[in-house]
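The following pair of complexes shares a single chain, chain A, combined with chain B in the former and chain C in the latter.
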Partner chain A sequence: MNLTLTLQSLISGIMMGAVYALLGIGFSLTWGVMRVINVSHATFGLLSAFVSYSLFKTFGIDPIASLVLTLPAMFGLGCIIYWLLINPITRAKAVIVSSMILTFGIAIILENLILLMWGADPRLLTTSYTNKVYVIGPLYFQYPRLLGFVMALVGVSAVQFFLKRTLTGKAVRAAWQQPEASQLCGINLKKISMITFGVAIACSGAGGVGMAMLYSFEPHSHNLWLIYLFLVVIVGGVGNILGAAAGGMIIGIITGLSMAFMPYQWVNLLTFGLLMVILVIRPQGLFQSEV
Partner chain B sequence: MLRIDAITVKYQELAALTDVSIDIEEGKITALIGSNGSGKTTLLNAISGLKQLFSGRIYWNGEIISGCSPDKIAARGVIQVPEGRKLFPRMTVQENLQIGAFLPGPRREAEKTQKRVFELFPRLEERRGQCAGSLSGGEQQMVAVGRALMSMPKLLMLDEPSLGLAPIVTYEIFKIVKELNGQGLTSLIVSQEVLQTLSISDEAYLLEHGKIVMRGNAQDMLADPKVKESYLGI
Partner chain C sequence: MAHGNDRSGFYRVKLILVGIIFVLGVYPWLAPPVYFISFAFNVLTYITLATSWNIIGGYTGYLSFGHVAFFGIGAYATAVLGARLDLGPALVILASLPAGVVSALVAVVIGYPCLRLRGPYFAVITLCFAFVTELTVRNLDFLGGADGLWIKGLAMPIETSRSIFFELMLVLTVVCLSSAHWIETSRFGAGLRAIREDEEVAQTMAINTPKLKIMAFAVSAFFPGVAGGIYACYLTYIHPDIVFDVNISILIVLMALFGGGASWVGPLVGATLLTFVNEGLSTFVKAEFARIIYGCLFIIVIIFMPNGIVEFLKNLIVKRRLRTKFVKNKSSQLLS
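Let's look at the complex of A and B:
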C-alpha cells in the first residue's frame, strides 16, 4: 500500500468527517435531549447552504462571513419551528415516531420551498479559494476542506462548551437526565427545549454551509446528508457531542480510505456494511449516550 | 401560607385524591402521613404543578397557584425534594447544586447559599466534583436536600426523605430539617416513617385512600390509639 496515498486519504477523510460531525451534533442533541428524531435536520442545513449561496452570488458575501447572519437566523427559525410544531407533539406517548412523521413533513415542505426558490439545478459554492491547495511535503490540503474542518472544530467545541460550562447548557443536560426534577428546580421545559432545538438547527446551518463547500448540492441533497446523520449518531451514541464528533471522523476516514483503495461502487457498500456490523455488535452505538 | 382547598386529582377515571384540604402555617413543620399508595406523592406533585387538578384550588399566601407551571411555582419558593431523590446522575454534586439555584433570585445568592449547604453537609463539599449518580443513598439524599435549599425555599416539601436509608442517615436528615425549621423554614414532610416524622412535626394529617381521615397536633396524633395500632404497630 502506498503510504502517501494512505496518509492523504486519511487526512481528507478526517476533514470530510469533521463536517459530517458538525452537521450531526444538533441531530444527536435533539434526539438525546428531547427524544425528537428530526428527519428534517439536514434539510435545514441545506436551506442554509442555499441561502449562503445566494448571499455569495448576489452580494458577494463570503459563505464563512455570512454565517454571522445565517446562524442567528437558523437559531430563530429553529425556535419558531419548535414552538409552533414540535412542542405540541412532545406530549404524545410515542414522541420518537410522531416526531419522525412530523419532521418528515417539514423536510418535504422545505425541499419544495427550496425547489421553488432556487430551481432544481445542482449548485457549486465556488469561491476564490475553492481550488486553493496547501502543499506540505508530499501531502496537499485543499483549502475549503481545511476551512470546513476548522469550522467543525469551532462548532463542536462551542456546543460542548455550551453544554458543560454555561448554566443554560447545564439546564439542557438536567432536563434530559431528569425532566421532572429539573422543573422542580424552576427550569421551564418548553423554553429549554426551544433553545436546544434552536442550537441544533443553528449547528445544522453551519454544517450545511460546510457541506456546500465540499460538494455540489441540489434540493434533494438532504436525503443523502440525512443518512450520514444517522451514521454519525449511531456510531457516536445518542446525545453524545464528542461521540458524534468522533463518529463523524470515523465515517469520514472509512469513506476516505475506501475511496482511495476500492472501486467507487464499493464505497457505500463498505460504509453501510460496517454500519450494520456496528448495529449488530453494539446496538447502543460505539460510544455511550450522554448529555 | 399554603392552603389546599378541597382538591381532587384523578388518574384517568381513578381518583388519587378526593376533596383534600390542608393548611400549612408559616414557621411550622407539617407532617402528612399515610401508607403506601394513599396519595401522598400525588399531593406533593399537585402542589408543585407537576400533576393537574381535577377540581379544587391551591393558594399560596392568598394567591391561586394551581394551574401554574412547575417552574412558576418553584419561583415562588415552593420547593420539593422528590421521592427517590431524582438527582441529575451524570452531573457533579456541584452542578446539581448549581441547577438548584437556576432561577434568577437564588442565582444571585448562590455562592452564599452553597456555603451554607456545605456547612450543613460537609460531606458534599468533599464530593463536590463527583458525579451524583456515583454517591451512596445517604449522600444522594443530602444532595437532594442541598439542591432544594439552593432554590431558597419558603416552603420545603420532602417526599419520603428516609426511603431506603440507614437509620442513622435518616436521623441526620430529620435533625437537619428540624434545625432549618428553627431558623424559620416552613416544611411539609410526607412519610411512611410515622414515628420519626410525627416527633419532629407540629401539625399532622393522616391520608388514607386519597382522603384526609385525621388532622391535628402531631403529638396528639402520636398518642392516638388508631394511629398507634395501624402505623406504629404498638
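Let's look at the complex of A and C:
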C-alpha cells in the first residue's frame, strides 16, 4: 500500500466525513428529541444546495456567503413544515413509523419540485476557488474540501453550544429527557419542538451546501445522502451530536479509503453493507447515547 | 347481530367474489384491446405485491421498505433457471415457482438477523437490503450486469400470450388473497397481530415470536418472487432498473397503507385504486406532477386516515347510520 496515497485519502475522508456530520446532526436531533425520523432531511439539504447554486449562477453570490440568506429561510421552512405537517402526528401511537412515511411524502414532493424547477441534469458548484489546492509536502488540500471542513466544524460546534449553553438549547434537552416534567417547568413543548425542527432543517441546509461543494448533485442525489445520514446517525448514536460528528468522520474515512483502493461500483455496495452489519450488531450506535 | 345473519352475509360476499374472479377470468377472451389486458395485468401484479407486503407490514407491523428486492430476485431466479436448464418458452413460466421459493429462502436468511430490529431500524435495513441486492445484481456479469437479461418469449400473437400471463397472474392473485385471508383468520394471524400490538406481551404469552415473524416474512416474500417470475416472462427482458426499482417498494407500501393494513381488503382496494390513479395521472399530467400528487397522498393518509381508506369509509357509513337512527328515534319519540 502506498503511504502517501493512504494518507491523502485519509485526509480527504476526514474532510468529507465532517460534511456528512454537518448533514447528520440535524437528523440525529429530530430523531432523538422529537422521535421524528425525517426521511426528507437530505432532500431539504439538496433544496438548499440548488438554491445556493442558483444564487451563485444568477447573482454571483458565493455559496458560503449565501448561507446568510439560505439558513434563516431553511429555519423558517422547517418551522412551517413542523407546524403544518409534523405537529398533527406527534400524538399518534407510532410516531416514529408514521413520521417516516409522512416525511417520505415530503421528500417525494420536494424532489419533484426540484426536478420541475431545475431539471434533471447533474450540477456542479464551480466557484473561483474550486480548483485551488494547498500543497503541504506530498499532500494536497483541496480548497473546497477545506472550506467544507471548516464549515462543518463551525456548524457542529454551534449546535453543540446551542444545546449545552443557551437556555433554549437546555429546554430542548429537557424536553427530550422528561417531556411531562419539562412542561411542568414551564417549557412550551410545541414551541421547543418547532425550534428543534427548524434548527435541524437549517443544519441540513448548511450540510447540503457543503455536499454540493464536494460532489456533483442532481435531484435524485438525496437518496444516497439519506443512506449516509442513517449511517452517520446510527454509528454515532441517535440524538448524540458529538457522536454524529465522530460517526461522520468514521464513515468519511471508510469511504475515502475504499474510494482509493476499490473499484468505484463496489464503494456504495460496501457502504450499504456496512450499514446493514452495524444495524444488526449494534443498532444503539458505537458510542454511548447522551444529550 | 345474529350469528346466522352474519354467515349469510359472508356467503353473499363469497358469491360476489367468485363472480368477480369468474368475470376477470373470462375477460381476456372477450378480445379487448391489448392495452387493457396489460393494464389489468399491472393491477393484478400490484394487488399481489401489496397483499403479500401486508402480511409482514400490516399484520405484523414490520414495515419493509425493500420488498421490491424479492420481486427482482424472483424475476432473476426465473430467468437464470430458464437459461441454465434450457427450458422452452412455455416451461420458463413454471420456473417462477422455484423462484418464489428462492425469494422465500432469501427472506429467511435475511429475516433471521433483521427481524430482531424493530420499527425504523427494520425499515432502514430492508431499504439497504434492496439497494445491496440491486447493486450486486448490477455488478455480477453472469446475471447480465447492467445490460439485463433476455428471456425467450412465447411464439404466438401478443394478444394470446398476454392473455395467458393475465390468467396466470389472476391465479396467483387469488391464491395470494386467499392465503392472506386464511392467515387473518388463523392462529398464525392472531399471533402476528399480537406481535404488532405488543411484542413483549406476546412473548410472555408463550408466542414464539421469532419463528412467527420469520414465517410471515418468508410467506410475504414468496408471492412477490413468483409475481416477479411471471412478470419477467411477460416482459421477456429484465434489467435491474426495472425489477429493482425502489419506487415499486414505496408504491407497495403506499398502496397497502392507503387501503388499510389491518385486513386483506385494504391492500386490494388500495392497489386497485392507486393503479387506476397512477395510470390516469401518467396519461394526463407530467410525471413530476403525478409523483407530487403521490407524495401528497402519503401525507393525507398519515394525517387524516391512519387506518386506511377502507376503515375511513366504514367509519363514515357507521356514523351516518347512527345519525339517521338517532334522528329517527327522536322523531318517533316526539310523535308519540
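As a working rule, the second predicted complex is superposed on the first by the 291 of 291 C-alpha atoms of A that agree within 3 Å, B and C clash if a C-alpha of one lies under 4 Å from a C-alpha of the other, contacts with A are read in each partner's own complex, and residues count from 1 in each chain.
Throughout what follows, a contact is a pair of C-beta atoms (placed from the backbone, for glycine too) under 8 Å apart; a residue touches a chain by one contact, two chains touch by 3 or more.
Quick caveat, the model's predicted, so the values are computed rather than measured.
Of the two partner chains placed by the overlay, only chain B lies in contact with A:Ala171; chain C stays clear of it.
In the superposition on chain A, no contact is made by A:Glu218 with either chain B or chain C. Partner contacting the larger number of chain A residues, of chain B and chain C: C. In the superposition on chain A, contact is made by A:Asn112 with chain C only, not with chain B. In the superposed model, A:Ile96 makes contact with chain C only, not with chain B.
When both complexes are overlaid on chain A, the residue A:Ile227 reaches chain C alone and has no touch with chain B. When the two complexes are overlaid on their common chain A, residue A:Pro283 makes contact with chain C while staying clear of chain B.
Across the two superposed structures, the residue set of chain A contacted by chain B and also by chain C is empty. Contacts from chain A toward chain C in the complex involve residues 37, 85, 88-89, 92, 94, 96-98, 100-102, 104-109, 111-113, 115-116, 223, 227, 230, 234, 265-266, 268-269, 272-273, 275-276, 279-280, 283. The touching residues of chain B, when paired with chain A in their complex, are 48-50, 69-71, 74-75, 79-80, 82, 86-91, 95, 98-100, 102-103, 106-107, 147, 151. Within the complex formed with chain A, the chain C residues making contact are 63, 113-114, 116-117, 119-121, 123-125, 128-129, 131-132, 135-136, 138-139, 246, 250, 253, 257, 286, 288-289, 291-292, 294-299, 301-303, 306. Residue ranges on chain A touching chain B, taken from their complex, read 167, 170-171, 173-174, 177-178, 180-189, 290-291.
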